[in-house]
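The first chain written gets the first letter, and so on, giving A, B, C and D; residue counts start at 1 in each chain.
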Amino acid sequence: MKFDVLADMEYTAQSQGTLILCIHALRTPNQTVINETFTVEPYIKAEELVSANGENRLVRLEVTEPGELKLQYRATIDNCYKLIDMSAAEEVPIHKLSPDILPYLNPSRYCQSDKLFRLAHNMFGYIESPFEKVTTLVNWIYNNVQYLSGSTNSETSAYDTVTEQAGVCRDFAHLGIALCRALTIPARYFTGYAYKLVPADFHACFEAYIGGEWILFDATKLAPLNSLIKIATGRDAADAAIANIFGDFIFNSMRVSCELADDNYKPYYYTPRKQEGLSYI
Amino acid sequence: MKFDVLADMEYTAQSQGTLILCIHALRTPNQTVINETFTVEPYIKAEELVSANGENRLVRLEVTEPGELKLQYRATIDNCYKLIDMSAAEEVPIHKLSPDILPYLNPSRYCQSDKLFRLAHNMFGYIESPFEKVTTLVNWIYNNVQYLSGSTNSETSAYDTVTEQAGVCRDFAHLGIALCRALTIPARYFTGYAYKLVPADFHACFEAYIGGEWILFDATKLAPLNSLIKIATGRDAADAAIANIFGDFIFNSMRVSCELADDNYKPYYYTPRKQEGLSYI
Amino acid sequence: MKFDVLADMEYTAQSQGTLILCIHALRTPNQTVINETFTVEPYIKAEELVSANGENRLVRLEVTEPGELKLQYRATIDNCYKLIDMSAAEEVPIHKLSPDILPYLNPSRYCQSDKLFRLAHNMFGYIESPFEKVTTLVNWIYNNVQYLSGSTNSETSAYDTVTEQAGVCRDFAHLGIALCRALTIPARYFTGYAYKLVPADFHACFEAYIGGEWILFDATKLAPLNSLIKIATGRDAADAAIANIFGDFIFNSMRVSCELADDNYKPYYYTPRKQEGLSYI
Amino acid sequence: MKFDVLADMEYTAQSQGTLILCIHALRTPNQTVINETFTVEPYIKAEELVSANGENRLVRLEVTEPGELKLQYRATIDNCYKLIDMSAAEEVPIHKLSPDILPYLNPSRYCQSDKLFRLAHNMFGYIESPFEKVTTLVNWIYNNVQYLSGSTNSETSAYDTVTEQAGVCRDFAHLGIALCRALTIPARYFTGYAYKLVPADFHACFEAYIGGEWILFDATKLAPLNSLIKIATGRDAADAAIANIFGDFIFNSMRVSCELADDNYKPYYYTPRKQEGLSYI
């Protein structure tokens, strides 16, 4: 499927500083960046980096003078996904997990799985199939956590959300990840552009590692699972923040859009009947 | 300097499961493993892995049957360290940091630097020299946090310790890391064997990235800085745990020792007069 | 019913200080203290106080010299309870609650009901009958929170326990209270001696205000509801601590016992079939 | 001094419910309510209550129908205060404290003094004079905690503020109280109208019990200490909330004012030179 994505961001730099953005669409075998432009006004040389985990595209801007800053990313993306039969998928035993996967079992800043161990087992431990386990916990999040803009902030973590039961996409994702890890299912944060997301914004959801595949889950159910363009993955939002700001910058505004540039799009969601997982890898 | 290190650990496996240990001394240009043996009784094939960050040596054991488990690691290590003049060392500006270093600025499970931003700046922001900044905060931890065995557990984090002001080496390290990151100084967790540590145990301290070097700091001041044999580094104890246990295992006992196998050892600590940082890299 | 209760406590005072104990059985119209003795060795004059809420009996000891301290409370108590039909009991509307009851709707140190609002409503809000609401949440606590000595400490609160799902009687009570208050049902902490409690100790449970009566609930189900001798009530353990220590005192040991001094005792527990609440007031 | 105070509050009731307000000026020997009016539009009978601690004036409104609600309190108050020489004031020893005072040593919902014990002693334990102890900790709060509207919410507590170091008057008061109690100085929350407060709002500060008197402290330093008209005292904001809402009410707007109705007002603040405490009791 082809999508046109756009991100407009405006900052006021009140000091010198550095801005590290993670808004470029990933380039993977299954996601082609047909074209893209990234502009900064006034002009600043943008240095493109690969993140430490070897996966994400970062852009680093050295802002040498205070002033207004307009950033725009625009791209046309062609991506595809796999639907994988999960009816017989099993948890990959720990002794067979690749070392690259192991860190996604660890607790992280926003996903304190170590504190959710008993809760996760009490609620979901009885379910045998890992795919069913994760869809069940995703449904529990969807049914119990209220989507409420402004109810949380950048310090909110899964430990808060599991009790407070309100938040935004980032909080839904963190809680999903934390519950998976507490159940010994590797899980990681996923940010992307999402077609049909209302209100338009960057989106966050998560991937769980089941049957040897990274399967996508979205506890907000705000966008079809096959409407996503992958920007980044990481342990949690600390690894895959849209923007990391070093300096005294004020965030003024943002406009994000994601439009279909193709025909024949059919939205895909998980349903109780079908044990099919969607993967972008 | 040459050291003989030993770690004896005993578990009772009450179920099948997997044990991932991180107790092997690192092999680096400055740390040579002259000889080492790792034994498991009863015999289980131990698979040696490299951790996802490419740095640490892990050993993975698939325990297929319940029972007693005795593990022993024994090695002779020759390592050396650098003393680096820090009197003119500056913070590496964010726009010059290698992408490998950037994650060590992010908050992590046990080092919630995002929550300590104002506190760190109020307490230490006025200090210009980054080395002095870190030695000052290390001294503050040393003077205010009580070393108290059993006062904390595996869920305790820097956010707790900064207020509760009691803990063990792991907590001292987490607080040091969190304060550094809050001050935009990359910092990472360091585990090792430590000569003269009382009581004998694995030790945890931290490295801060100053002037382009990873400089070692130990807020417990329980062991000379040049008495350490490096086992692992990571974002925090979640990345560099001595043991990750998957299964119903009971930890029975542990014995750790680290003896000097050399003459001419002179303990090294930081002193207010000398602006010299110690680095094992 | 008649019970013989005993509490032996030993402290080492390492400094001067003050000890405030709350271990005397209450005197109420339904609870008669037939006889009691309270001794301190070496002799210190014990000042008996009534707590600020007008309900609890406190004993205050001014310890003027370091040394060993042996305290013993011994009493024979005759108490009775009411069984109240709850099948038609309704929540007392806020506008009819006596001002004395209102504080038991507020969050307190260990019962952060304000943080559990959505959770409590998501889990139990659908239940109409307040007695059924509370018995359901008590059963949920019983089924999900593991009774685990040593897993918590004096700082542990309902906000922790709702997620960590392990604790002791005090934690079970705090969580029950917090959930009740989040559902706008006044609730308060209750400490007492409990017959048949294993291991023998002081016990903590809670009372919820339903249909104009303070009804007793015990989420641990460790003792029959009609086996309790009331010591104190309060907002939470901060109000009704067994001992408040001001000074450098080491707690050495404690022995608590509660024996039946009567025949014809029939243990009483709530059962799903019977909508009958037990009240000691 | 005479002051004219006014509070206008508007709610939209979206359901039936009950509103409990605590906005009436207290009547005490030193604070005379010369005249006051309280009106509700549309008319609802307002029931005046005395709070459970016997001190505060509450107004309870039973809202039987959804709709707009306009509340107005208007009063002229004549109050006076004492200045008490604190140069020789000592902490009241625990064994001499009246039972009414004891609860103000306990931790409460927003003042977790039990968790701040070591921190408080490390920072302020060395100061002998209790008045100086409290003025020093108040100055520390003033110098380190940033007054930042919107940075906190109704769940924020002293445990958060001591680290996050941002908040509003309520947070400043909670932190002051928690630190006092951690130092074994009884302390309680104080709400009132404040002359010259910018922006105009209800104000919160705290009283510490020193030398047998409740002495007023305001860590925000936003209003002169002698500009306050007392509304309520309590353990913390849970006891002395301006409004407790039971039902689905939307808070629309509020206007608070406090004007001097007298000449000869001279603002009073503590200064390092003068050891004089101000008390409204």
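Just so it is clear, contacts are C-beta pairs under 8 Å (C-beta built on N, C-alpha and C of every residue); 3 or more make two chains touch, one makes a residue touch a chain.
Bear in mind that the values here come from a model prediction, so they are computed numbers and not experimental data.
Homomeric contact subunit C/subunit D is classed as same-residue, with over half of its interface positions used by both copies.
When the CA atoms of subunit A are superposed on subunit B, the rotation angle comes to 180 degrees (nearest 5). Separation between the centroids of subunit C and subunit D, computed from CA atoms only, is 30 Å.
Measuring from the averaged C-alpha position of subunit B to that of subunit C gives a distance of 44 Å.
Along subunit A, residues 115 each make contact with two or more other chains. Chain contacts in this assembly form a single closed ring in which each chain touches exactly two others.
The set of touching chain pairs reads A-B, A-C, B-D, C-D, using the touch definition from the header. For subunit A in complex with subunit B, the touching residues are 17-18, 20, 47, 49-53, 58, 60, 62, 93-95, 99-103, 105-109, 112, 114-115, 154-155, 184, 238-239, 244, 246. By the touch criterion stated above, subunit A contacts subunit C in their complex at residues 115-116, 118-119, 122, 143-144, 146, 159, 162-166.
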